[in-house]
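Per-chain residue numbering starts at 1, and chain names A, B, C and D are given in the order in which the chains are listed.
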Amino acid sequence: MTQLDGGVVPPVCTPLTPERELDVPSLERLSAFLIENGMHGLFVTGSTGEVAYLPDETRYRALEVVAGVAAGQVPVLAGIIDTTTPRVVEHAKAAKAAGADALVATAPFYAPTHPVEFPGHFRAIRAAVDLPLIAYDIPVSVGQKLPTDVVLALAEDGTIDAVKDSSGDLDGLRALIEDPVPVRVFSGSEVLADVGLFLGAHGLVPGLGNVDPAGYRRLYDAAKRGDWATAATEQTRLRTLFRLINVGDGRMGRYSSAIGAFKEGLVARGVIANGTTSTPMIPLDDTERGAVRSRLAEAGLL
Amino acid sequence: MTQLDGGVVPPVCTPLTPERELDVPSLERLSAFLIENGMHGLFVTGSTGEVAYLPDETRYRALEVVAGVAAGQVPVLAGIIDTTTPRVVEHAKAAKAAGADALVATAPFYAPTHPVEFPGHFRAIRAAVDLPLIAYDIPVSVGQKLPTDVVLALAEDGTIDAVKDSSGDLDGLRALIEDPVPVRVFSGSEVLADVGLFLGAHGLVPGLGNVDPAGYRRLYDAAKRGDWATAATEQTRLRTLFRLINVGDGRMGRYSSAIGAFKEGLVARGVIANGTTSTPMIPLDDTERGAVRSRLAEAGLL
Amino acid sequence: MTQLDGGVVPPVCTPLTPERELDVPSLERLSAFLIENGMHGLFVTGSTGEVAYLPDETRYRALEVVAGVAAGQVPVLAGIIDTTTPRVVEHAKAAKAAGADALVATAPFYAPTHPVEFPGHFRAIRAAVDLPLIAYDIPVSVGQKLPTDVVLALAEDGTIDAVKDSSGDLDGLRALIEDPVPVRVFSGSEVLADVGLFLGAHGLVPGLGNVDPAGYRRLYDAAKRGDWATAATEQTRLRTLFRLINVGDGRMGRYSSAIGAFKEGLVARGVIANGTTSTPMIPLDDTERGAVRSRLAEAGLL
Amino acid sequence: MTQLDGGVVPPVCTPLTPERELDVPSLERLSAFLIENGMHGLFVTGSTGEVAYLPDETRYRALEVVAGVAAGQVPVLAGIIDTTTPRVVEHAKAAKAAGADALVATAPFYAPTHPVEFPGHFRAIRAAVDLPLIAYDIPVSVGQKLPTDVVLALAEDGTIDAVKDSSGDLDGLRALIEDPVPVRVFSGSEVLADVGLFLGAHGLVPGLGNVDPAGYRRLYDAAKRGDWATAATEQTRLRTLFRLINVGDGRMGRYSSAIGAFKEGLVARGVIANGTTSTPMIPLDDTERGAVRSRLAEAGLL
């Protein structure tokens, strides 16, 4: 299966050994765990997957491993994250070779780029590799937002199939959904997932879905049948659980704390072997790891 | 020669063929042109060199070409620009193998990173590759500034040898220069180069130095002998010339316009074969190319 | 009646004569029009009311006029918008004297102020004037967001009764609503009003409510009875209507265009006498005024 | 004397009694102290003067007091700081009546305003009150920068006479100075004052000039005679002294700390009676006050 019309598609964590090598058995277990818990697809080498920290060979190996486990049961999306077009095109080719069913690319970053140059970027990627292409709107990393008119133009001419919206701009998300040009929209928010679905989003890409995939699946299913009260109740539980990303506050950056907490949660649930994160992220200490486990226990996950 | 104590070190443009392959003969001519015009070093694969657009093999090939021309006459600095530590370390190793005399690295980008994580980043790079390391402070691309205290700590323990300051924060630049911890400071400003030297900066890294290296050398020499009036006169001429970066305003992003203009200037001066820039930059049209040539003529360079 | 538990509370436009004096008869008609169309309260001298443009005497006169029309039928909220505490306290006293039932104050602006100083600001206002106090969170004007913990602390000790949230941060809005500390929350969004109510907000403060109060009342009533489909349909119609704020795009700032369009809409509906806005806003021209009327006609309001 | 062609023009602190009333005798002593120490003009009700905290009557009373002491010896500039044109015009009239020789106005703030609307703002002020008008460029408070082309257009048609640049953009400052349109430029930087003069600025407006007016006068005089080494030495001493603004770091906002430190410095030098600042600024504690005095002692001012 390589089609993805919607659903919950978590950005898969990339387990590492204590020596910071790819931990293949853990990644295999994590992929199986997510599929068993009803995920509609798997998004490999996304921001939550530490893509910005992984050397090329690790990225593609991770993709191969997940694609091997998915084996057509669910589609595998590959983040092809790099600064500009020529570099992203290289990742696109390698990702296709490694088994990706679809590609996820941001606008250019680092090199100051004007929105008038965004269409050329996405069109060159699509022209180079014939796989469904998802535009990834993540201003916190890229430095600017994908304008709604650019997204719609790229959807209209068939360059992109979908948008992953991690911008926090629900008005923009709604504008995409209400426009007559068809484009699927995935919300990247852990804490407003129900709102995204209320607005008509097709799917969710929650980092916290690594730790509690079943919770997001329940939220998604409730929303799809219009049971907003159940969806909101589940969302409230997941919002509380999501506070685990703050365990390292004050001692490290927010991303170090969040990725460390997701991985520690997966260790606690017996899915991966250890919680190592990439350099230069600061590792959680024992107290912080304990706090993650307390959060999981409160949420009924241990 | 591999020492770099100061002087003018332009970030070398990367000439491309019309098919957007590396144009080796043009790069050789450009390297020779810069050395003949008195440059104290050459900075390859910097922002002006379109580093964010170059696939790995093109980066390293460009570096080999420049190092081959330099042949020890002047030091060659290599930008090792990538998102985070593990990826930057790979570039560092490859750059050393390709002939770099020193390395230039930014703070992590794309992945949200807290300044408490910056020291680990630079220390890991230095530990992996034993070459002089220059911290590149470029908030417009990285999204945050290198704090002065972080730079000083890294200089004090020998991790970094110098800073390339493209932050525009002259107060911070002065704080580095006045601090008892010794660290060399290079200003990345084309238009406040004399001010940087007035404040005690050791060197200059002007993108416009590709087009008018002799002008920046005159400015530098005047400043070094305390002849601020001559330095200011030269700076005024270079400020006027620098307006060539705006030829594409309104039709493209500023970076497209600037890189296109630098390359067109080099074509006009007979140094490189053509002005092609990387995808997805928008190329200059005939009118804009004509405007570049007019600027050069006014500045006495044609 | 001076209690305000929720509902639709539009920020009332301030009609001006062509000489830019307060147009009292128009303001009286507008107040009556809003009350007749079911508004639960009236918010005078808010951002939409051009508060930042009105000299003190005009502010208080406008407040007296609206309070006179309201005459206890609905509560009247007064924006007491100024840079810092001592100036805001003076407005608070004058607003009480002019008939306000409640006060709406932002965090300090212009003077760089740290969030640790926000509680002292609101507490001094409340201590000076015993009226219900609403914290107005509007980062686009103030330059920073009211942190959730500050709002909750001020609600817990009785300093503030409610928050008007024009921050666009729905996650923060939800955190306020879900917290055990009771604080009423009003959403300032025209285009995500249904989402705000879906999340549990108590009321709406839509600028567009000047032009179509009945539409927002229908949306609010549908949401209150859990009829989200009807609420969403009304919201879609109002989103389309809201595009009237863009009629002046490219020729003026967005605020000039929005305020001009609201006022022109009220002229078109026969409520106020003319669409004059304050200096230095750029007035709409004939084409732009025509575009406003077309939007109203499409929305069934003419 | 009402002419101001350049020189050192400190933004005068506004001394308060412990009850936060204007301390007239202290303000008289401060004004005399500044004139005796060679200041070329006095800038009243500027940002350093807590203008954003002062009720109208306090602003105008402070202005009368300073104008009374100045008595034509040096020109008195008045900050007319408010959100938009109609409110600023009222301040302009009152400031003229209170004895101002020139007026200092920012672009509109709080109300979102586009640069195309800036010229109408300044022209309306100048049309209303016939006094020299100085445009105050302070993005940290206003939220956006005064574009160079707007400033030049306003200088060319005689609307403004000068610019006070607190933007930190030395490239923009240089562009104003080098342009053929004559406009005087005052730098608001305490720590790059020598650089401003090196670039051709006509004057300085340093908040720290309250505490050490003689130091800034020496710096200015050295720069005017081209003795850059002496200017830089004085600047280095003043940079070190300026660190007194950080005494409250971590416990309060930066502005609370800076204004508190300036006032405490004036108390320590025997110029004003006490260091009270406006609500909601957090007062310095004993340790912080001691740190201010240590800084002054190190700088040779006690």
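Brief remarks follow.
The rule is simple: contacts are C-beta pairs under 8 Å (C-beta built on N, C-alpha and C of every residue); 3 or more make two chains touch, one makes a residue touch a chain.
All values derive from a computational prediction rather than experimental measurement.
Least step count on the touch graph, subunit A to subunit D: 2. Among the remaining chains, none touches subunit A as well as subunit C. Among the remaining chains, D is positioned farthest from subunit A, on the basis of C-alpha centroids.
Subunit C and subunit D touch with mostly matching residues; of the residue numbers seen at this interface, over half occur in both copies. Centre-to-centre separation of subunit A and subunit B, using mean CA positions: 35 Å.
With centres taken as mean Cα positions, subunit C sits 50 Å from subunit B. Residues of subunit B found to touch two or more other chains are absent. Which chains touch which is summed up as A-B, A-C, B-D, C-D. Across the interface of their complex, subunit D is touched by residues 168-171, 174, 178, 189, 191-192, 195, 198-199, 228, 236, 239 of subunit B.
Residue ranges on subunit A touching subunit B, taken from their complex, read 20, 47, 50, 52-55, 58, 81, 83-87, 90, 108-114, 116-121, 124, 140-143, 251-256, 278-282.
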